[in-house]
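Take a look at these structures.
The two complexes that follow have subunit A in common; it is paired with subunit B in the first and with subunit C in the second.
And now, the complex of A and B:
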């Protein structure tokens, strides 16, 4: 028995620019090279021998991957190497992306947030990762970079199956872009876990609500889940149930039912699928209510 | 009168910070892992990946050939003598020889120039196993045809106890009311923050020395002698600072200890081992998972007439002190209640899991969960107030229990009253909003057990010429504050300051023999010995001072570093002066020795009859919870406890202990669970093995604790234990609170949100069925 061994032997390189990184991963396979961001997952993967790369590419030194910037079009650009702690202290995030702030604050403890990055949280493709649901409901797009050039895609399309992303072997996540949230909008992320303090997610629900101008009906609702299925996913059918309608108990029930039907949570030693489904049902309703409340209270305030 | 005695204390009874706190806070305390010696090697253990297998062969050649590796050993390098606690339960080997019995069992060890090299060598060890069928549940293991773990234990019965007091059958026949319930508890770990660590040196004179974080160094000393088959006098065990113990293996010799010494013998170099937290969480020593069948008969008004308990404990692969664990469960079944007739039958069964032993509260915790959960159901069935039924059955001062416990002080009634007051019980129970509930739970503990083998403690005090005091005992400070409270006792008697007393760590070559630190024995047993030793020093100094001062020594008192004539307080001399005079002019060595045996009484471990401990302490607590009806999540919003710890000698330490014990029980009840699938631990990290964290505590909104002060005649200065009892009632209180909040009665631990949510659905369904 050894679950966690010493690190395997590997060559470590620390490029200084994105171009350099792209050059280093061009033409390689996943087994050969591994990108190292904060390392909070990657190191464990190597110590468990789930991955034994020949070469580890440290991204710490790539300054151009670390930024939180508001763009002229009002969107927010976040570099993949931005540490969670940095996200939390970025004024733009706390002023305009409360959902992102709220979610980030629920990840791990302060020590973890000091090193773990947004890019690692996304690229790890874990079904329990907390940021992807929140980012998906905020309409995130991600930029993948490679020597072949950049391409943008919606985060919703990034996770084709458990533990995998659609990124090619020669691509890395370089940037996350979030549109400026509409006025009359609000979101929340409910992370359920067994203990009060720092814990992995049993089920996470992100709800993002945009109200109609009159503030009485849903213009838009987005829902995404951690641990609701083998990958983080958006419950697209459930999202449509309330569109154009007011908030009612029956409506919420219907959304929750639809979300459950779209989910396929697994049973693991951490929790039973049946229980996760109950959580999805309960937390979907709760999250929508909370998001609705936030959106209502923001109504009229300029974003 | 008790209050008066307290006020007369010079040192005791005042909240006193732990003496080692500044050192530990500054990171200067030297733990075993901090020890570095010239030429020291690093050891690693190869562990079995199989729950049950025969070792066909081990090829060490490739590992031994790895550059940097200095030695490789297997079970065959040891004499093959089994060691353990009780003579009939010696089933440990330093390293497995022909069979492994659980995933994680130690198979071979390597010493190398650094940890990485040692670990790399583990990968090169080639072990050929022949897999054997494995069994993980006690019921399965007891069946005919089940895989057998140990030849001397047919049916995998690792230990069995049976006892009966009174006429149980007649009492049940007489009872107006009888109910039976089954409760199940699970595997939890001690969760100490310092993993086991040791450094071993086998010197060229053939003497073996082990530096290690041991709670009970003398037990380790004897076990090392047993397993190495050498004379105890050739072994020395030196205690380092202990970063928490809770009986998580630090009270015994572990494979790492044997291997450090054996590898040192082979290499002529010091060898250090440090477990990873993953190893700690995977290997043995944990709380026994139990199935507890409990039948209770009462009168109409809820007076207990008889209890019959059958207990099945999942012992894991080895004995540890499991034989005593189940004995204790039976012995403590009744406390804190009067149970005139009781019967107890239990089996501890070997299975292919990590093995079980003691953990704070030992097996009393599981028993109290079962018994106080059931008592609540009885109260409900009979329409009696939950506090009232406890009062009606409470033990009192002066009682003798049917199994022979002589209860000196036992302010149980008052504990109940205090908790009712603090918690606002009567204004809350039945009046809280929906999904909020309050529950009561009680328990008791003993202040050290009289054991079959070594039971007594000793202390030695030596005065130094600067008027300070060297105090040695065989008891270790494992973070609970022994150093401080022993120093306080000595200081109280000698009339010096706490900081004048230097409490030395245990060193088997120098400090008095002692069974160790477990079972809440230290304050009472060792405390009495320290008091006696200090009194002896006073007697010697008073004799000398009396002569010098021309005063009757009977009239001398020791206060503020002076010896004073109580009849004429102007006549005084400094303690230091007398010590120096005695040393310099008379050549005297001022030493005092004290002992505490508590051995005048014998326990019959066959029948269970006898006064197991010098003192018993009751505890009561109320817990208030809020349950989220949609997720089953429990918020503990308040916890109020009262304990009769006798007279608290260091109220600050007592407070720390009772809070710690209560919080540990909350963890046990709600979060902690060592999850095993086919014997493999699934969550061997503190990320996934979930103990309550410091950050959980402010969320336990309202935490209050009261000491109901009694003067225990057997204790030093009236003291009893404080570290374990306070946790014993908490789990039942939580279960009862959850029931009060939701109508869901949980009889199985842990009480997960999932079990509560599905329980709620069951309750709602039942209501629906009864419907309008």
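And now, the complex of A and C:
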């Protein structure tokens, strides 16, 4: 009867700056202190008593973590506390990062997107999170901040095992950076779930395609999965199968086969592992086809 | 013992200065401390939408929002401001006249979400309405009448707006 439970007791602090947050988490452990971003998942975890922090640090008042900015080098910088709704309405996102827009629009309903944040979706380290696969295929890097300073790392190195990240206890995800996609590229995120838009993802596949200059072969293909393994991950071997080749049915079968071999989906009440593998197989092929179509239609257009 | 935190909440344009425990959700504080029981509690997980309120004009699940974090923001609930809110009233009339209310439990959340939708998009298509209400469950009506009610409310609000416009303007 989770829904009847109230939240466990905690102390609450509301820092106003990133420096202040870093000071508050320095020397603490994740068990005693919880960072609360949008809270749409964190509050549920507390209600279920999966996490019972002594102290909650609310991040909603840290205005400097809320931004969507195009940098001089053409990359896109996104503050960790940027709400999904804000991402959807950012012109830079709809103009240049269609894969990110498409993925964000598939998460929850308006009530959730108005509150949930990109940083929370990443730092929660859930295998079913939808943004990490899309961000990984877009080549995202994340900035971790602490009193010791900042460090950047590729998002695809961030989740070492289920429910964990490589961030130290005194670090938080502060910023996400995306390189500008090549002009002859396209991506798509497909997810399977029971109820349109609202339910948890059973399997999610993000495919990002870059075409060669002639538009006939794959220069690059990136694939990442939600709920394909205990963490979100990139299927690196599957990504190489079609590189340098044209799009063919046999090629797609080979990619899907390799992606399945790299996956290790779990069995839960939502779906068993074999079923999830079938989804990975089907959605991988479909996502690559769609991404290829998008990249082809965009070929020759100015970035 | 964790101290009570003094907060000042603005709900429907009225300011309430209260002391609350930090672990209480906005839903709990609205219902239990402020006596505003129009906002309903059901799933407690952000799936059903009955607890929807507006924070700074945006629809939010109040069961997943700490009351302390709503300080300084403008909260709007189904109760509406004391002087009345023409948009809320129009939506409620349309829900009644189109038969969009049966047991009524989901209605406050639906109505409040509709207010946010129509403020952003005064003439939504059926698809846009269904997309906006995807986080709301109704176990009685099957949604058809709810969609019709929202279309009716949109027309009603546009008619009211055109009557308000000064003559000769376009």
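Everything that follows uses one rule, which is that the second predicted complex is superposed on the first by the 298 of 303 C-alpha atoms of A that agree within 3 Å, B and C clash if a C-alpha of one lies under 4 Å from a C-alpha of the other, contacts with A are read in each partner's own complex, and residues count from 1 in each chain.
Just so it is clear, a residue touches a chain if its C-beta (ideal position, glycine included) is under 8 Å from a C-beta of that chain, and two chains touch if they have at least 3 such contacts.
Predicted model, so just to flag it, every value in this text is computed and none were measured.
With the two structures laid over each other on chain A, which partner does A:278 touch: subunit B (first), subunit C (second), both, or neither?
So A:278 only meets subunit B here.
Which partner chains sit in contact with A:289 here, subunit B, subunit C, both or neither? Use first/second/both/neither.
So A:289 meets neither subunit B nor subunit C here.
Of the two partner chains, subunit B (first) and subunit C (second), which one does A:266 touch, if any: first, second, both, or neither?
It touches nothing on subunit B or subunit C.
Return the chain, subunit B or subunit C, that is in touch with more residues of subunit A.
C
Contact-wise, after the overlay, does A:6 reach subunit B, subunit C, both or neither (first, second, both, neither)?
both
Is A:194 in contact with subunit B, with subunit C, with both, or with neither (first, second, both, neither)?
first
A:114 contacts which: subunit B (first), subunit C (second), both, neither?
After superposing on A, A:114 lies in contact with subunit C but is clear of subunit B.
Residue by residue on subunit A, keep only those touching subunit B in one complex and subunit C in the other, then list them.
On subunit A, the overlap between the subunit B and subunit C contacts is residues 2-6, 109, 196-198.
Okay, in this complex, where on subunit C does subunit A touch?
2, 5, 21-25, 28, 42-47, 49, 52, 55, 58-61, 64-66, 68-69, 113, 116-117, 131-136
Residues of subunit B touching subunit A in their complex?
Against subunit A, subunit B makes touches at 47-49, 103-104, 115-116, 119-120, 122-123, 276, 278, 282, 630-631, 633, 670-671, 675, 677, 680, 682-684, 687-688, 690, 692-693, 695-696, 699, 752-754, 757-758.
Could you please specify the touching residues of subunit A with respect to subunit B in the complex?
Answer in residue numbers: 1-6, 109, 192, 194-200, 269-272, 275, 278-279, 282-283, 286.
Quick one: which bits of subunit A touch subunit C in the complex? Just the residue numbers, please.
For subunit A paired with subunit C, touching residues are 2-12, 14, 36, 39-40, 43-44, 46-47, 56, 58, 60, 85, 108-112, 114-115, 196-198.
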